[in-house]
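Common to both upcoming complexes is chain A, partnered first by chain B, then by chain C.
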Partner chain A sequence: MDTKELRAIIEGVLAEMNLDAAQQTTSEPVGTEATKAVACEITDGCLDDITAIDIKQQYLVKEPYDREGFLELKQFAPCRLGIGKAGARYNTLPQLMFRAAHSAAQDAVFSDVDQNFVDSLGLFTIRSRCENKDIYLTRPDLGRRLNEEAVAAVKEKCEKNPQVQIFVSDGLSSAAVAANTKDVLAGLLQGLKSSGIKVGTPFFLKYGRVGAMDEISEITGADVTCVLIGERPGLITATSMSAYIAYKGTIGMPEARRTVVSNIHSAGTIPAEAGAHIAEIIKTILEKKASGTDLKL
Partner chain B sequence: MREVINSVGIDIGTSTTQLIFSKLTIENLATSYTVPRISIVNTEVVYRSDIYFTPLTNALTIDSEQVKNIVKGEYAKAKMDPKNLQTGAVIITGETARKENANEVLSALSKMAGEFVVATAGPDLESVLSARGAGTDKMSEEDRNIIANIDIGGGTSNIAIFQKGNLIGTTCLDIGGRLIKVENGKISYVYEKMADLAASIGIPIKVGDVADKGNLKQLATKMAQHLSMALNLTDKDERHQNLYTNDGIPVKSDISINGLTYSGGVADIVYNPSSEDVFRYGDIGPLLGEAINENNDFRKVKRYDAVETIRATVVGAGTHTTEVSGSTIRYEADCLPLKNIPVVKMTEEDEENMEAFSGRLAEKIDIFTNRSRDECVAVAISGNNHTSFDAVQQLAMGIINGLKAYDNPEIPVLVIVESDIGKVLGNALKVLMNQKRKVLCIDNIFVKDGDYVDIGEPVANGRVVPVVTKTLIFNR
Partner chain C sequence: MILKTKLFGHTYEFGSVREVMAKANEEKSGDKLAGIAAESAEERVAAKYVLSNLTLNDLRNNPAVPYEEDEVTRIIQDDVNESIFGEHKNKTVAEFREWLLDIETSGDMIKRASRGITSEIVSGVAKLMSNLDLVYGAKKIEITAHCNTTIGKEGTFSARLQPNNTTDDPKGILASTMEGFSLGCGDAVLGLNPVDDSVESVARILKQFYEFRNKWEIPTQICVLAHVTTQIEAAKKLDAPIELVFQSIAGSQKGNEAFGIDANMIEEARQYALKEGKADGPNVMYFETGQGSELSSEAHNDWDQLTMEARCYGFAKRYNPFLVNTVVGFIGPEYLYDSKQVIRAGLEDHFMGKLTGISMGCDACYTNHMKADQNDIENLATLLVAAGCNYIMGVPQGDDCMLMYQCTGYHEAAALREVFGLRPIEEFDRWLEKMGFSKDGKLTPLAGDASVFLRK
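After this line comes the complex of A and B, so read on.
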């Protein structure tokens, strides 16, 4: 097919399109005016916060067979179901909500915990062997060890051989630390106090992985070490926290020796109550002198 | 982790006395790396007693000795030692609850039946237990609709209505198969309200009259009509209100049911009509069953087969009176079990206004309980919007200040909270009182003002406590 032929076809198509457009002349100006009117309207308002929408309450299918029934099913889990579609694609709102959730997850990983927040909790701050976020993400092994200053600081500032050593770490979600630490830590400390258990000096570990608790356990000589750490974020929540607890942890010990309490966030286990629950687990670990799979809870 | 506990149900009804033993399976449904979630996952009836006529010494008193003998005999037959029972309920129902020595018999029996077996009574509770025993709650949940159960016994008809598995109404009417008794072809007993009802339709009946099948069938038809009125299936007439037990309140007029189950002794005749002698039981039960079966109003809605009929109440009592608390709670085992603790429930408004909370609590305890200050009172709160650590401390302080007058150190501070903050609130109470009082703080239990609770010894590795809520004031 040469260029001439091609052009002829294109011209033919264009002509047909013009013809169609010409037939619709009656309705066209109305539509244009309407578009203009909307485009020119300027208000002082804000766009709705799409992250405030509860996806368990969201149902966007047009003309459903049983809206109520579907909504009842949605109460069981926060899934992106029953959100309608445009052809084969998502509608605009669910698409934007998905993007927003994804962004929140990325932010939770890549941003740092606000230092003022850490200070306000009365925690001193140390760092793992990672220099920055990029190294933290690419070298998990370095995130499990303390740098020299950190080792010195723990030796200097922390009470020796406490019954329980607690620390907080950013892990993979700084947002989780910001959202839950205050309540979890307070609930945990009060729970331990009510059972007469002595707690060492708590602190914050930046760029920390779960395994860092083993070195901290060795340095402090604590019977039980507990880290409150941000969980890898998902698309449902970016603020979920876990507690990992080990009895007399040592560097290189099997992972199976850790006891874990996960899913701590406002829509999961209530943070303050989770703190109280962790205190109870620590009490049991102290009594049974075992943790992880060695311990039947 | 699975744990099986033994439960007993004993029902002393207008016509029959029955007993069942059941096994309740308790299991943690959460994974091992999250906070536990322990629930009753299965209930199984493992022993059913014979069905006895409730022994009476005369029209006004229950034959206490005979009832005890029945229970003793059945325990022996089932080889069940009361010591092995962790929970259960004795319920006295229908007309038997009106007998002079009902309370006495009830408490004597609950002592004999096992240490943790509670005594209960009350038409609303009976309605709920019989419907759960009949499986009505499950059917409405399964079919996503509104189903009522009528438990038609000898003395009363107990109605409970469930919508998608949730209780939405209960009521009780003085309509039953044994409110008129027949001996040797003659009427030997007529309950006052039935005599009135009969007179109102022009067939006066009294003790000693010849039992006329036609007349009594007319009366039974009228009784069936009143049941359909109670279920909003037909318009209420002016006599209807008079038939509610203890001047009870009808179910809300906007409730419109789409299914029905029948339980109680009369239900067997509704489901399986027979052509035998209508007076074969010495009462008008079979006539009432026939009348219900022939009533067109009941045919407007779907009829479901009840899982249990004559045994629905006793199965309900044996399997559905016990709940388990939330799985993260605070308690001190040496103050358990606790029995007959009155509940003072704070309103949502009280909880929102924390400054006035203590004062309101102290006031309420004075109004709602007439107990001495040396007895335990349960403070019930929702805990909604009080889940942050600081808010929990505030709640704890509010409760402590409200209980100032109840400062006997021997008496535990008992708090029942709906939201999942039982453990942190319990810890706060303990620490804020400088560990001076025993603290029992359980969550995930919904109670109301005027309820009484029994709290059993911990089960499931000490994680949860069994709780029985003993009265239900549903119609408000």
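After this line comes the complex of A and C, so read on.
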């Protein structure tokens, strides 16, 4: 173990000790009526953000047989280990950390992307055949198709037969769109521009599934279509985005014809780097005139 | 056979047994997606009433996929004991439901009946059961199976230890495995879903499990949930220790083709495990299922997801499995929309598995795009134990970092055993006491300290 790791562990332990101390002070024994009143006064201060706790450093087992040994193993498991117990149930802190992670995941799925944010990116907005989030979640078939207005808008506003058609869609995480789109799009457009590749008019598709790119490919006549879409959130991150790319996509084509760049988020593939990476892949796809399993990258 | 009734004076007429079966289901988003669900709450009840008046003979004669076209149908129909079917075939579904629930009808009588009915009958009667009926009916049926230990005995409740890891890292898998066992989880099986399902990777993990289990003398069984052919290949080519052989299965031949399997492949794997495997046996198979998988591979033949699920169990029964579990909320809201639908489906699947005569467990779970949370899944797990479920899953705090879904945690089995006065499988229970993780069926202060396994 190097000193950096050791320091991180020590810091983690100290943080927990402080927490224990804080819990003890809040559960001070009862006093007189007068002191009780004082204890109920609202004081300044802010509790620590429990979502900032690194679960790899957290170790809540009381007097473990081999703390260091288990903490070392735990570094290889990105899951909620060493969490101790209260009876045969969970301790309060990990239980609330779990709930916080799930709340972020649910909000990412069930909320809509802020329209002002989309407008600020200079993207016009179209919608799939889903009228609301409920329909979106239960009818993937409708999320793969554009509604009539959307078809008309793409025909009217998008440049015909571009080399590359890019669009953004909420998919299963609006939070992913908010967190990553600006950087990914900037990196991607810059990368394509410096390779002299002509990009069509980008836009935003609300309530979209990955398969919607096939209809868009058919309407625009693009050589390559690329969607930046929010992925189904897990509890580790709610802001993961993927890029799906296809060469001359058609409605009903096999899924295996798509090339995927996944895990784009601040703790995965960094958004700005992801943009440049996707641009490189698109360049190769244009050269080889193939995508997905047809393309040997 | 009458397919017409009135409700509040309004006439409801159905075109086929298939339509009656689909519309008699409790509401499921998957049946709506398939375009076969009842169009109103009243039509649903009308279909239930029509179904309640059909005979078991009517249901047997209307399999979801024709006998000639589908090997799953052939297996289900060919395995029916005709004498036993004869005892029940003229009962209506309503009468059969009441017979199952009757105090005079014992678990052994139901197990005899299991040998004389088809999956369409199992599904049909489940459609007429309320949630408590599903608990009450299933509770009577004790199904045991033996691999290295015996699962399903009265007074026991078990859990699969699922130490999944995002990179199949041996140290990470070890950390999760140790913590699970230290909390009393893993008497059903130590079983991992691999990220890399290559033959080499599967062999490596099986060997790791085998060594760990043997070193600590843990009375349980091991499994790596790769494709059936990969597991057998790992054993043949790389000498991987095979105990339980896993496979995901579907309720139609076409659905099984989507999983890359057929009946011969399963039987060959089973024979291999019986001949070359390390387990005591005779039950050496582990299957997973889940409502909606047939629709997702367009292999449902326009039948409802409950009936297709029942057919999975009919297919599974042929191979005398040690474990079968529905992964009930994994597939997403387009099949089971919210917690209400997931809880219903979990209870249905467990009941149907038991009525089919297989050792049934449940992965009570949900994805983040479903309207459900950990409270809902704890509710379902509690109801399942009340229903006599053989086992549930256990992952660290219910959060599976690799499959990106949430299910029951390591702590849940221990808590539920304590609440219901149940124990793990006997040999495993003794092992927990020997290790100091439990005393008289309750976790000790040492439980949860995985670092105990770092002792030399």
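One rule holds for everything that comes next: the second predicted complex is superposed on the first by the 242 of 297 C-alpha atoms of A that agree within 3 Å, B and C clash if a C-alpha of one lies under 4 Å from a C-alpha of the other, contacts with A are read in each partner's own complex, and residues count from 1 in each chain.
As a convention for this text, contacts are C-beta pairs under 8 Å (C-beta built on N, C-alpha and C of every residue); 3 or more make two chains touch, one makes a residue touch a chain.
Here the structure is a predicted model, which is why all the values come from computation and not from measurement.
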item: Touching partner for A:150 - first (chain B), second (chain C), both, neither; value: neither
item: Which superposed partner A:226 touches (first chain B, second chain C, both, neither); value: neither
item: Comparison of chain B and chain C by chain A residues contacted; value: C
item: Touching partner for A:73 - first (chain B), second (chain C), both, neither; value: second
item: Partner chain in contact with A:187 - chain B first, chain C second, else both or neither; value: first
item: Partner chain(s) touched by A:87 [first = chain B, second = chain C, both, neither]; value: second
item: Footprint overlap on chain A, comparing chain B with chain C; value: 69
item: Residues on chain C engaged by chain A in the complex (per definition of touch); value: 29, 32-33, 165-166, 169-176, 178-179, 183, 333-334, 337, 367-369, 373-374, 395-401, 404, 406, 409, 411, 414-415, 418, 442-443, 445, 447-452, 454-455
item: Chain A residues within the chain C interface of the complex; value: 61-62, 64-67, 69-70, 73-85, 87-90, 94, 98-99, 101-102, 105-106, 108-109, 137-141, 172, 232-236, 238
item: Of chain A, residues touching chain B in the complex; value: 69, 72, 182-183, 186-187, 190-191, 193-194, 260-263, 266, 268-277, 279-280, 297
item: Touching residues (chain side chain B, partner chain A) in the complex; value: 32-36, 144, 164, 328, 330, 387-390, 392, 419-424, 426-428, 430-431, 435, 461
